[in-house]
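First chain written, first letter: the chains are A, B, C and D, and each begins at residue 1.
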């Protein structure tokens, strides 16, 4: 039985706690600066322990810490935990700057500790199914991906729509492609609150020639959670608003015949079957919690490790910067 | 009864001829360099006259000329017709360069002739309905528009997906907004045929602060013809693939209360009724043909006049150039 | 603060308990013959009291009893509670026979006690919205209603698909029409388990000339919860599987002009706007619980009172009987 | 080159003529009592011959006659043609009575002539694809079929919604099942024009235990052309309003394990992939015309021969009769 400390009992924390408890593999201690929140958690989950003081908590035999505070808390709280030799999972986005993320990665490596970021979508059955299809080569070479994540959403006060919504798509894109992006360009607007972007269109270019195009907005008439993958062999639509048929594979394509033989490019179009594979129905957060525990027990590297979280933060920073530069490309060294 | 010459009897010409004849307001003479095509047209529409020679056709009492050849023919054929004092309608896109379009506009103005461009969508019932809603102020200030026009389409050999598909969206956008764009940036790829873009993501910025975002692709698993308008009061989805409910108006919005009174921005969200107004069902091309005849008869300026066509060509050129510059913004003076 | 006893802590009971507690208007005591179930409930809702013995519970100052056992328990447990002077809510369907339902109604009336049946849909925001539209006359005279409630569902072992699924639609139909049905005919099959219908098509005829057509099946490829109302002025679709646009009103209709004037019937067709009104998003069960407490406090008659529940049971019995008779109409006196 | 006479140039005739001409396998002569209609056809299809007199036409070397008049003309015109030794295709429904249909079948058999009925859906790519799937056993034993064919449609003046719309579904059902129905029951209403049913719900029972359930209405807010097949192995949805994904196969099912072994029924549920097979895109009427010509040339029996057409008429008569009997089952001997 592992012992896990959860720091931050706001909106997201209780979901983590519930899923941790349901693994039956960990006891849970919670900490929040707001005691009334801890009491609320205790009422709902009578089995959890309460820790009034974070530093004291780190001195106990707790194995790992999950930080679910606002993003500004991720770096200091995570750092303190790593320094005390605790495995750490930070909620997404990992940190509010690249420098901070890099610092935590170094620290975790030097101490040989697990550093994971809570990019939950990476653990969702649909995203994993698509990853499987990509890795099997069924879609051919990945050409481009477009993702829309929009609806009339709650405007954050201190963070742009890019930092609020794009971490999901960036994380999924990086997971699927398995390659680092070269550069980012983005256009956005702050229609409702001056200084806080509420809509953005982001292009990410990869060395393989692939493009990722991400649209995020807090201003949209209807909810879209739609990602399209165009591969050289097949195409795929992943629509997260669908209860069934979340993933559809289109056996559609263009075949280019050898130009040497024919004197000129010969294109042939194929429209084929559409298949919607059965997708498992487990809760992504449950898989994420189990994965964190597995990594602690086995010393393995998480699918969404610190390096993955850092890449997402790099993309977020670059996208914001590009908007400020009026859409100029920003290189990701 | 007007007399109209239609030049070019390929894929599109017969549609124009049919709709012209059905107005019962014009007799039609056709010309094509390929005589077999003319004969085919004659067989289908026994009432049309045939003209073997374009120059000779222009010497007759024909009132107007419609040019439906490939885009490279628009400029020379249109110019010749204007010089002979004929009213002219050119298919879209107007010309293959800004310079050519400007030349034709000057010529038509100096001779006081109608110069129209066949941007058919501007005459479609759905687009006109949206224009009406925008002009009435029902949507409030137009904030941004996103348009997707994609499917597994026929790859053109000599023209990019931007020149093939984007004229529709550019024309509609300009018609709706009624303002000139400031700058364009675009990212694209030529996955199938080297040198011919088959996917592009285009941003258009306007002086009012509005953004137009247009996605065009010949490579996509499913057909999308979806345009979203986010206004400050209401939002709207125009989905041209729907047989019913082509236009949906969402009474959704964000209201910002006066920050002076409350010390800080107070946002309130509104989710309201969704209304799909009844849309007339006439054929857009029929309305376009009638409009051309009206303009000739009354000396009025077409909704899609030469200046409108020129603005579209400017956007096309700029978008292509931006892709070549790796996404750099291109100013539209 | 009222005191409510909940009897039966299986699948549905905890939902009732949660919603009761959240009203903050009642304390809750639970009873189940299976003590382990009671303990589970206690763990999840520490504030509830436990009653080992039902007869003892009825001797306490509990104000009302909610019976959430399998249907065979509804009659004896409800009767006992009424005899002890307690207000009663029975889960749907009310009883397994018309005779039992009538007995309970008599008893409740003689003792002036609330007798309610848990037809939750009657309390759902969408069903109430439709009721409002019907009562306002916006749809005109109700001509017919078709309802489909199907998907690959769990086969009950002791009750047919009619008793399992049709109570929802019957209750909603009766609520909307506000008139008693004349007769029922039904065709069904027991494909999977002999003797247990798993698909049925049911017609209900009303004195006004209206028909209700209900399709229920445990065997269907995709989930349907779709009800169509055809009124003489407007038509309406209520699709409970939709997250937004659950209710759509079609301003479509046929107008018959006076035959005397025109010598023959003159029909004119109207296709108009489609409107999807905003629907409140409260939980139906929460409204149902509040309604039960209101009725106890104010002595008012529930929307889904015993008479309503009885009408549903009559329809269930008649539909089953009609299937056995090979589809013969069964009169509902 | 065959020679085909088409009788009746109203709404449907020109579609037949166009498709006949496009086979390039037949010359066409047309006849209509209304000469202005024949002239209109001649203008549109200059290659057709005109026949002023039907009896004279039958004396020529015409090989086959297609009757596309209102249904009352099918019997006399078809009979006359058969008597003159001509192959005959009658539009659907075949005749307005069973007796007439039987008479024509006898006549055609005695003269060894082709007698076909224009049940076009039987020749549509989607219906043929489903037939193929059924015949291959992929769906298992066919349990039941539900079909909805409704929208705000044009009310016929002299024929009910059953005779107007149900022939399509009856024909498809019979084609798919390949077995004769035992009995029919139906409920309907004549809301708009007294005496002319405008909505009906029809149940058809087969000896195999299968049920077909057909809903037809001229009064419905939105267009439905949806047929669901529940097989013992898989299920299928055929939605004719969809441009893509017209047919979807659901690998969903219930498996009953042997009750002898387990003491009681053991059910297991399977939810699997959903596949939408690519469907050919040819025009059904074109396939139908080719099939008629094939049958004439090769002396083969049409898929939709007189016997098929008769079965449809029997169902239509029985359904109408059942409505008049208040829903009583009508046996089909």
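Please note the rule applied: a contact is a pair of C-beta atoms (placed from the backbone, for glycine too) under 8 Å apart; a residue touches a chain by one contact, two chains touch by 3 or more.
Since we're looking at a predicted model, the values are computed, not measured.
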Selected pair, greater C-beta contact count between A-D and A-C: A-D
From chain D, the most remote chain by mean C-alpha position: A
Centroid spacing, where centroids are CA-atom means, of chain A and chain B in whole angstrom: 40
Centroid distance [mean C-alpha coordinates] between chain C and chain A, Å: 43
Approximate Å spacing (C-alpha centroids) for the pair chain A, chain D: 54
Per-residue multi-chain contacts in chain D, two or more chains: 222, 244, 271
Footprint of chain A on chain D - complex, ascending: 244-245, 251, 271-278
Footprint of chain D on chain C - complex, ascending: 143-144, 146, 152, 154-155, 185, 187, 189, 191-193, 199, 201, 203, 205, 209, 211, 213, 215, 217, 219-222, 228, 230, 232, 235-237, 248, 250, 252-254, 256, 265, 267, 269, 271, 326-329
Partner chain B, residues of chain D touching it in the complex: 43, 46, 222-223, 241, 243-244
